[in-house]
Amino acid sequence: MLRFLVGRIGLLIPTFIGVTLVAFSFIRLLPGDPLDLLAGERGIDPERKAELLRQMGFDKPMWQQYLMYLGDILQGDLGTSFVSKKPVLTEFLTLFPATVELALCAILLAVLLGIPAGIFAAVKRGSFFDQSIMGTALVGYSMPIFWWGLLLIILFSGILQWTPVSGRISLIYFFPQDTGFMLIDSLRSGEKGAFASAVRHLILPSVVLATIPLAVIARQTRSAMLEVLGEDYVRTARAKGLSPLRVIGLHALRNALIPVITTIGLQVGVLLAGAILTETIFSWPGIGKWLVDSISRRDYFVVQGALLLIAAIVMIVNLIVDVLYGLVNPRIRHT
Amino acid sequence: MTEASATQTPATETAVAAKLASESRNATKAMLTEFWYYFSQNRGAVIGLAFFLALVVVAVFAPLVAPHAPDTQYRDSFLTPPVWEAGGKAAFLLGTDAVGRDILSRLIYGARYSLFIGVIVVTIALSGGIVLGVIAGYFRGAVDTFIMRVMDIILAFPSLLLALVLVAILGPGLTNAMIAIALVLQPHFVRLTRAAVLSERNRDYVVAARLAGAGNMRLMFKTILPNCLSPLIVQATLSFSSAILDAAALGFLGMGAQPPTPEWGTMLAEAREFILRAWWVVTFPGLAILITVLAINLVGDGLRDALDPKLKRS
Amino acid sequence: MPLLEIRNLVVEFDTAAGPFRALDGVDYTVDAGEVLAIVGESGSGKSVAMLAVMGLLPDTATITADRMAFEGRDLATLSPKDRRQVIGKDISMIFQEPIASLNPCFTVGFQIGEVLKTHTRLSGSERAARVIELLKAVGIPEPERRLSSFPHQMSGGQCQRVMIAMAIACSPKLLIADEPTTALDVTIQKQILDLLLKLQAESGMGLIMITHDMGVVAETADRVVVQYQGRQMEEADVLSLFESPKHPYTKALLSALPENATGDRLPTVGDFRALFETAPKEATA
Amino acid sequence: MSGDAILKVRDLKRDYVIKGGIFTKPRILSAVKGVSFDVERGTTLAVVGESGCGKSTLARILTMIDPATAGTVEIDGQPIDIAKYGVSREMRQKVQIVFQNPYGSLNPRQKIGAVLEEPLLLNTDMPAAERRDAALAMLQKVGLKPEHYGRYPHMFSGGQRQRIAIARSIMLKPKLLVLDEPVSALDLSVQAQILNLLADLQEEFNLTYVFISHDLSVVRYIADKVMVMYFGEAVEYGTRDEVFDNPRHSYTKTLFAATPRADVNSIKARLAKRAA
């Protein structure tokens, strides 16, 4: 297991270096030099520009620039936003909890509904339930979630007026956000109705963001279960006279979960990509919206920093999933 | 060479050849029939395929099918609701948008863009992915490690994020969006091809072909690759639909096709501000995306069932 | 009263190409203390009947029989719950692929203990002691240490021993072994067969050996049923079967054994086919 | 038959290096630990052993799939060393192999005609029509029909596929055929047919067989000479009768004792013991 873990971490290092290269090249690949881009239509006088370029190290050879960049990263310096003048890392850390809160709710929803639905569909293979669950899952899997979000807004916010259109909490509440997680902060504030408001704001974005992972997890669980149910050891479990509940819920599920965990891990990327769209639609102040706004504001150091940080998060979550995978799979744990 | 050929006259020779050719055709036909049998067992897949073909026809003959030109603005009909709603006009079956363009016509022309995007993106991603995947899986060693690490790097970025950034570099527009999406989808093909090649390369028939004198190129592309195609075909179908989705998402974020292009995602972006006033400008483009993607995914599922040898044998 | 009695068993599978008759009216009787071998080549349906007894056939199978009784109780009319009290306790079964037949996610000790937990009222510590006793009985060295092993850490022969331990955990009256040694080397096969016969002789249980190997039949069986394409060709005690086979198919099988070769060429079943295959058998539509 | 050895193997060794992790040193696993034997033209050497004894490794070396670590192999008077010189067309035409599993050894996407013609296409300059005739003639020779030419492997039974695999292996008229458990995956009745076919072909083409098997009854039937392998070593080597009548090594004795006997006398003995 230790060797497995070390191997996985070893694999991450070249990938991380590659990721920094991508983030580094991003600014250099932009058409025109960065300062022209940053200055926009106002223009900048040549002397000041040369001075700035020297300050930022753009006159040095590429490899030196890269090493400088790498050094900055290792010191936690990911550059400064041209718009807000705040360090990118600080901005990121302020906005990140909002995205995590949303993504966690979404993945929880997806796992808690998707796995049972998949198991049920597999056990009742070919039945009406199986067909409806899988039909629904396929629709979910095919859903353009930006449209799905708009549709839900029309229905629940427009027609039924049940849920708010945007934001994380109603503007009438004001309390310190120590953790950055609105559900926790609103509970701690003790303000009446604040928690309920936070929940109501969270529901629609979570549903929208959960849609695709939910569909993927349900489909994967079903096919993993179907595969496992045909295995010899499931036949053995039946031959032992165990109850169907134990055969399916213990012997089959335990094995089917192994590929499902991998699938759940792969949803991090899907969630972060989905967060870009969901946060834009619901004006959710997280890193997805931050990123889109930065691109349209041409705040390229923010984009560069976000690129690096998001890739790092994906890699870390994948590592955690790999470890989990090793833990549930004895063939890896005991070698 | 053999007794049989020695005694054969040219006439019987061609007869033999013709007979063998027809036998061979029959075998191919039997394969296809069998494939179609398993595919058609899946009702959803057949419906999806029918819809997809209909969509292709509509897209090809868009100028003949569409009631209006996609960019004609009818100044007397801003935000006309669909024909069945109060205030709807028969000329605009699905209503008009904020500048008076017929939504149905724009959707019909929009199908061209979506299908075009799917075809181009899948072609680029698939061909690149196959070549890299076969090389990585066949040669192993340092080449493999290098290719797979590069793919890992691409996969470390969420697809839409990477596409957004690429578009930021290349500039917004449909072509750049397609290139970006193809690049983002490519690693999946590389991984899939590599995995399939790895599982095939040590099979006895490959060893037998090597013993028969087949070189690397022949082994890679003639012996092994055809046996790896099933998962790739399924993945290509699914990528076709995700390319459409991603392009629409980019369009929605203003980074894909630019207005006034009747691309479905771009249409949605333009319609966003009217969501609480005119539901139809938002609903129909999205519905078009959903149904198209759903149809293609249905076909993909059907292909998987028909091509998956495991299911076939059970 | 025979231990297991089956009369006119027919099993049909629903397939895409229409119903397929895997068993076409077969009879089996097994008495306590007896070793019955069911022998046949692939497609003979030799495992199907016993899977039907165990209730392990898929939903696509339709089972009909005039009688299918274990110790006089009709298995067909038992509720699934009552049947589960017989399966794994009084009738147990081991399979061809020992490694694949054990659950890769659970330890050996857990998987054996599970049978005891389901079918007996032993306490936790009693169960633990019994598991060790069972592992000893099937000849696994260092049973205390092996308890916490996973199947992938053991060889095929050892896994089959674990399967046997699991099968005999509740002292069954009937043990069904479905090609128990086909996946194993000859020397291991010998050990496993010896073990099965020893356990059978000690406990007096009935043993059904399902196999394709005439050698295994000769080494283990008291009585033999020969099957071909879902039908019973011959039933005889083992000596008379080898000494004077009645049915042409049995004769063909025995003469196809290389060790019985007399001339330069081996007679093949095809040489005899006309004698026992009246009509080509196909899926009855 | 002495002196006309088509295959001479001396002190053949094959080691595999098992890559170590970060904390473990690489280990060396010896699959074949120095075996020597001769096979005379037109005869059959049976290599017997259980899983992991090195018999498949030996097969891969003889067919030039894998190189040997040490020792010499001489086929038809020519030494082979693929690590140094690779495999020439000429050498390839001398040795071919038939695998155990007829379901894995045929390319599922290749029609039978193409399967049989591939060796000719790649190693000779024969025109297409002649290749086709050669393939058709070979189909007939192994007991299949001309109409099978255009079909795919999955349309055949296991026994038929093994016939196709055998046909492919002798398309180039090899001198030596390595048969790696060719009948183990087949039913008894089909096994007999394939063994008969192999005997016929041996006679017709004066083929030399290295027949790898774990089944002693088949070996006893088909072999001229027998070599018993155990953990990479040849523990027993001699003519069939020498080995079967008078096994010397204890492993050979164990192996013989473990092989089930299907003769009436053994059954009588067993029943008598059981009754006692």
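Descriptive notes on the structure:
Per-chain residue numbering starts at 1, and chain names A, B, C and D are given in the order in which the chains are listed.
In this section, a contact is a pair of C-beta atoms (placed from the backbone, for glycine too) under 8 Å apart; a residue touches a chain by one contact, two chains touch by 3 or more.
The structure displayed is predicted, hence computed values, not measured ones.
Legend note: the chain whose CA centroid lies nearest the centroid of all displayed protein CA atoms is B.
Chain pair with the highest count of contacting C-beta pairs: A-B. Each chain gets a centre from the mean of its Cα atoms; for chain A and chain C, those two points are 52 Å apart. In whole angstrom, the spacing between the mean C-alpha positions of chain B and chain C is 49. Spacing of chain C relative to chain D, judged by their CA centroids, is 32 angstrom. Computed from the mean C-alpha positions, the centre of chain A lies at a distance of 55 Å from the centre of chain D. Every residue of chain C that touches chain D in the complex is listed here, in rising order: 41-42, 185-190, 193, 201, 212-219, 238-239, 242-243, 252-254, 256-261, 264-270.
Residues of chain D that touch chain B in their complex: 63-65, 89, 92, 96-97, 99, 101, 104-111, 113, 118-119, 122-123, 126, 129-130, 132-134, 136-137, 146-147, 149-152, 155, 165, 168, 172.
Taken in their complex, chain A has these residues touching chain B: 11, 14-15, 18-19, 21-22, 26, 29-31, 135, 138-139, 141-144, 146-148, 150-151, 153-154, 157-158, 227, 230, 269-270, 272-274, 276-277, 280, 291-292, 295-296, 300, 303, 307, 310-311, 314-315. Partner chain C is touched in their complex by these residues of chain D: 50-51, 187-189, 191-193, 195-196, 199, 214, 216-218, 220-222, 254-255, 257-264, 266-268, 270-271, 274. Across the complex, chain B meets chain A through its residues 44, 149-150, 152-153, 155-161, 164-165, 168-169, 171, 241, 245, 248-249, 252-255, 265, 268, 272, 275-276, 279, 282-283, 285-286, 289-290, 293-294, 297-298, 301, 310, 314.
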